[in-house]
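The following pair of complexes shares a single chain, subunit A, combined with subunit B in the former and subunit C in the latter.
And then the complex of A and B:
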């Protein structure tokens, strides 16, 4: 009888997190303080993070970090999560590939986020912190932290970007149900928020404003610290329980190796959680293609023979079509040596630069189409972010079919889309249509830039043209 | 008209939820979000829109100004918040 999913027994759950900083081929450059331009020290972060998390953040020596028993007991509420086989998708695609997905949608908040939220709440608690402040966009992180703080008896204050606060009442209700205080940002609760409201009373807010409020709150309030759900080293490390579980589960499925590992990569936490334990194997010689998938548009070469990059998407989605703005074009920014992917975790950026990760980008129409395909085959409705990784899977499964190869593809299914059905509504009602760039306009644009110097083409973190 | 596309909706990868075009063109202190071209490229003639309604300086400022890492942002905000503490004492 076919096995559709594999669980681990509770005593088989990994007991340690994997700290990839101990194995980086190129160590991260120590961040410089923007004020002093000197390498930062633990005291620079002490106003916002407890020292026990700062120690994890800067630990480059210890490969394995014990998961505290108190954290484990909370993780066991929903972990180990299942590893499922996507038989129905394989059949529809007619692929010889074997597709597995690590289902992180089973946690109470519905995503992978509580893996780090729970750890961070614990470390704050043992440090003596009573309250945690954070920001959230549409509420995934805010609800995860609210849940975690509830488990450890901590107060939680969430600054939710106003436009999302108004649009996503169910997410903030989740936070309230778990006892958190969620306010729309900009708020009157901080100097940063009051300043914005004074100038723009109807401000819809932004993540930048919400972060300002949360950090100000943490620094100026008693017994309060700040927490975030992605980007930083310790956050990504907490997520590695995902990949470590998946390795054991693949063995139970009888798989001796994996060919492709993928996940969507915004800030990098869910992707890192699955991928980092496999990056260790790759560093040690295993042949694995590891693909972070980004949600940005990437035009085909038939539409844009020249490429510019805008700094944010270097190496990830480097191709932005060059369009005429009447008389002039948006010029490419000048880059210094090291490549940086704005918003992406430094660890992920470094691994891309080292050639260990191969990023890809998919436009939203393709992603929604693949998300719907997934829902109509596997049954689960993906979060829109997850659909970018699903697009990698579909692409690679089709390639495996063409090549006749029985590749093993592993995906992190980072969360369900039940709270994000508005995006599906837009897709089904045809609001997400492609805009067809008029050919005449493209010809005119090309004529206008004849003789201009050709910009650098950025690929996989290296200048190739 | 600068409001011509305001009613269109898109999923914001930063926020993780749907936002109208108006948000994308104004949230950066009334300048567009730095990702506006990339997000809207297949939905509307975004280049023409930007060229029509913004100066080159504004476009440069909005789309190509140097970015900070999250850690840089946090460290700067810590310094700012410390000053608030000092003012309060």
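And then the complex of A and C:
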């Protein structure tokens, strides 16, 4: 009988995270203080994050970090996740490629996000923190952190962008069900929020405003810290359990090598979670094509320069070296909300410079067509973000057919789309559109950061620009 | 390390369904024609269902029915489903009981429903049927059948109760994503629908009207049949893979016996799917308490008489012997829409008469309190229907604590609640209410069926009333 999926037994789950910082061909350049623009150290971050997470953030020595038993017990609620083979999709594409997908949609909040939320909640708790504040846009991260805080008995305060709070009540209700306090941002609970409400009582909010509120809350409230769902080194590391599981599962499927590894990348966390263990293989000489996928309307990896820019939209977060469209860049309102970030994780950005990753960009309409093809063959309805990884798969599977090559393709299925069906409705009704490349917007937002400190452009440890 | 869940390998999945009709202590009494009120045979059902499914419906000889390979390949999209142990819930209840839950929420539509939808779509296809018509209330069944028809390349037409069509767009969008044609009922597509629209252009619809439309569509359209998601013998049989898997998984957990088996029951299909293999053990002498759970506001099993009544609300379906509140009974608008059916599957009804099942009823508020307790301990957010089974578990776990007994409790987690978060919102806002017992409504609706043919009341093969 054909095998459709492979589970690991719980005792086969990886016991350590992979810290790619120990293996980087080119070390990361230091973050800069957003005010002084001078390199910052761990102590500068202490008001915002607990020191045990900061230590992970800056750890360049230890390739493997033990996953604490308390974290493992929470991960086991939904992990190990299945690795599935997409037979039906292969058949309809007529491809000789073998397509495998790592399904992170099986977690209670429905995405990969709780992999790091659970770890962050644990480390905050161990550090004596009682309460975590964060922001959320459409609500994926907010719901994952609410879930994690609930499991560890921490209070959770989520500042949710006002327009999403009103338009997407289901994600907010999820957060409430897990006991979090979710408020629309701008809120009356912070100085930043009150200031905006005074000037604009009907403000729809923005991710930038929500971040300002969450960070203010964290640094001014007792026993409270802030938490981020992507971009940072420790966040990406917590996701590597995905790729480590997938490797074991591919072996159980009888695969000795993989040709193509892909995932969508907004801040970079789900992609990195799958890809980093394979990047290590590639550094060690394996022939693997590793492809992060992004939307053409927010082309951080395929079009943006490598610069120092704020991690947030408002200039409160440290400046980090990354591919960035400029922190003031506002992407078109595509449905893949998780891919609308102006920058890219420094780790992913540097690996692109090193030539180890080969990013691609896709238009929204093509992504939805592929998402519907997926739902009608494989059954599961993908999140709009995930459809970008699916688009790589479809493209590569067709190429394998043309070349007559039995390639092995692995993707991360970052989450299900059953709370985001509005995008499918737009697609079916013919209302969904592709946006032109954001040339003018990029020019403007990149102008805002002209004259700033520049990181060295380096490839495999050598300065090239 | 503690084991949180046990998967089966795909080659360990049961290869046959369990047909409890071969083992019934009391055989079912025949269905009656809704017009003549005379016993009907397989041929009478031929315009509505394909003959291969009718043969399963009336099969009282074969205990085991092979699952066709083509059905198995579709079931393997999400099966075997995990059996999880609820450690966190046990801990918070301080119970010595060991609680296991069979998670049917992992299917693409999010419930146990596709177990039979996939089988029914296959048998229709094999019989030469090109198109299936059905009705749906809140949309669980409609989405499962849409999914199944998509996998087998059949057309699917779903008549969705108008008020749900308008108020619950997400389930409809799910159906569209799988390529089904979902229309609000009453519709202009059938005579029954047009007649109602003429008299009441703004009719909110009802399940009865939607059934009428779907059955009319099936019997008047070319190569079309009708499909039901619960109640019938073959539908319940397709669900028994749940209990057969669970038995193997309990063994892998090291459990040698189970004390309590429970599930919620609306029409009876998810409950039967888990319970029937354990009913066989009980018939053979095992000491197991088997508890179907229902809402107090639709107390079919705990309050209603055993009578002949229409399977539907309008008198088109055959009259079957079952516990029924009367086909005109309209239950209070509780959120567990799947438990608002006026009758109970004949198989479940007879097993209650035989004393093999011990039904219980729960109030809505208690169920939501237990659902929230579950979400905040086990992580996954249950469907409102599932919360009734959870209420049995909480009650029995507390009892085990009082008695100091290490009981083994098994429940079916019939589906996730992330598309039904509106009920949680009502609960948290304090707006959710308990309804009084429907004494007056029951009197009225039962009066409507006074003087009808009466089934014999039998217990373990002997007439007792």
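Structural remarks
What we mean here is this: the second predicted complex is superposed on the first by the 386 of 465 C-alpha atoms of A that agree within 3 Å, B and C clash if a C-alpha of one lies under 4 Å from a C-alpha of the other, contacts with A are read in each partner's own complex, and residues count from 1 in each chain.
The criterion applied here is as follows: contacts are C-beta pairs under 8 Å (C-beta built on N, C-alpha and C of every residue); 3 or more make two chains touch, one makes a residue touch a chain.
Worth saying up front: this structure is predicted, and the values here are computed from it rather than measured.
Looking at the shared chain after the overlay, A:401 reaches neither subunit B nor subunit C.
With both structures placed on the common chain, the touch criterion links A:63 to neither subunit B nor subunit C.
Between subunit B and subunit C, it is B that contacts the larger number of residues in subunit A.
With both structures placed on the common chain, the touch criterion links A:282 to neither subunit B nor subunit C.
Judged by the touch definition given at the top, the superposed model places A:248 against neither subunit B nor subunit C. When the shared chain is aligned, subunit B comes close enough to touch A:212, but subunit C does not. Of the two partner chains, subunit C is the only one that A:147 touches; subunit B does not reach it. By the touch criterion defined above, A:40 reaches subunit B but does not reach subunit C.
Shared contact residues of subunit A, touching subunit B in one structure and subunit C in the other: 422.
Interface of subunit C with subunit A (complex): residues 1-5, 7, 9-11, 72-73, 76-78, 88, 106, 108, 110, 147, 150-151, 169-170, 173-174, 176-179, 372, 375-376, 378-381, 418-419, 421-422, 424-425, 428.
Residues of subunit B that touch subunit A in their complex: 8-19, 23, 27-28, 34-35, 37-39, 41-48, 50-52, 56, 59-60, 63-64, 66-82, 84-85, 88. Against subunit B, the residues of subunit A that register as touching in their complex are 31, 33-35, 40, 44-45, 47-48, 137-140, 161, 163-164, 167-168, 191-192, 204-208, 211-212, 215-216, 218-220, 226, 228, 231-232, 266-267, 295-297, 299, 310-313, 317, 320-321, 323-326, 328, 330-333, 340, 342-343, 346, 363-365, 384-385, 420, 422-423, 426, 431-435, 437, 441.
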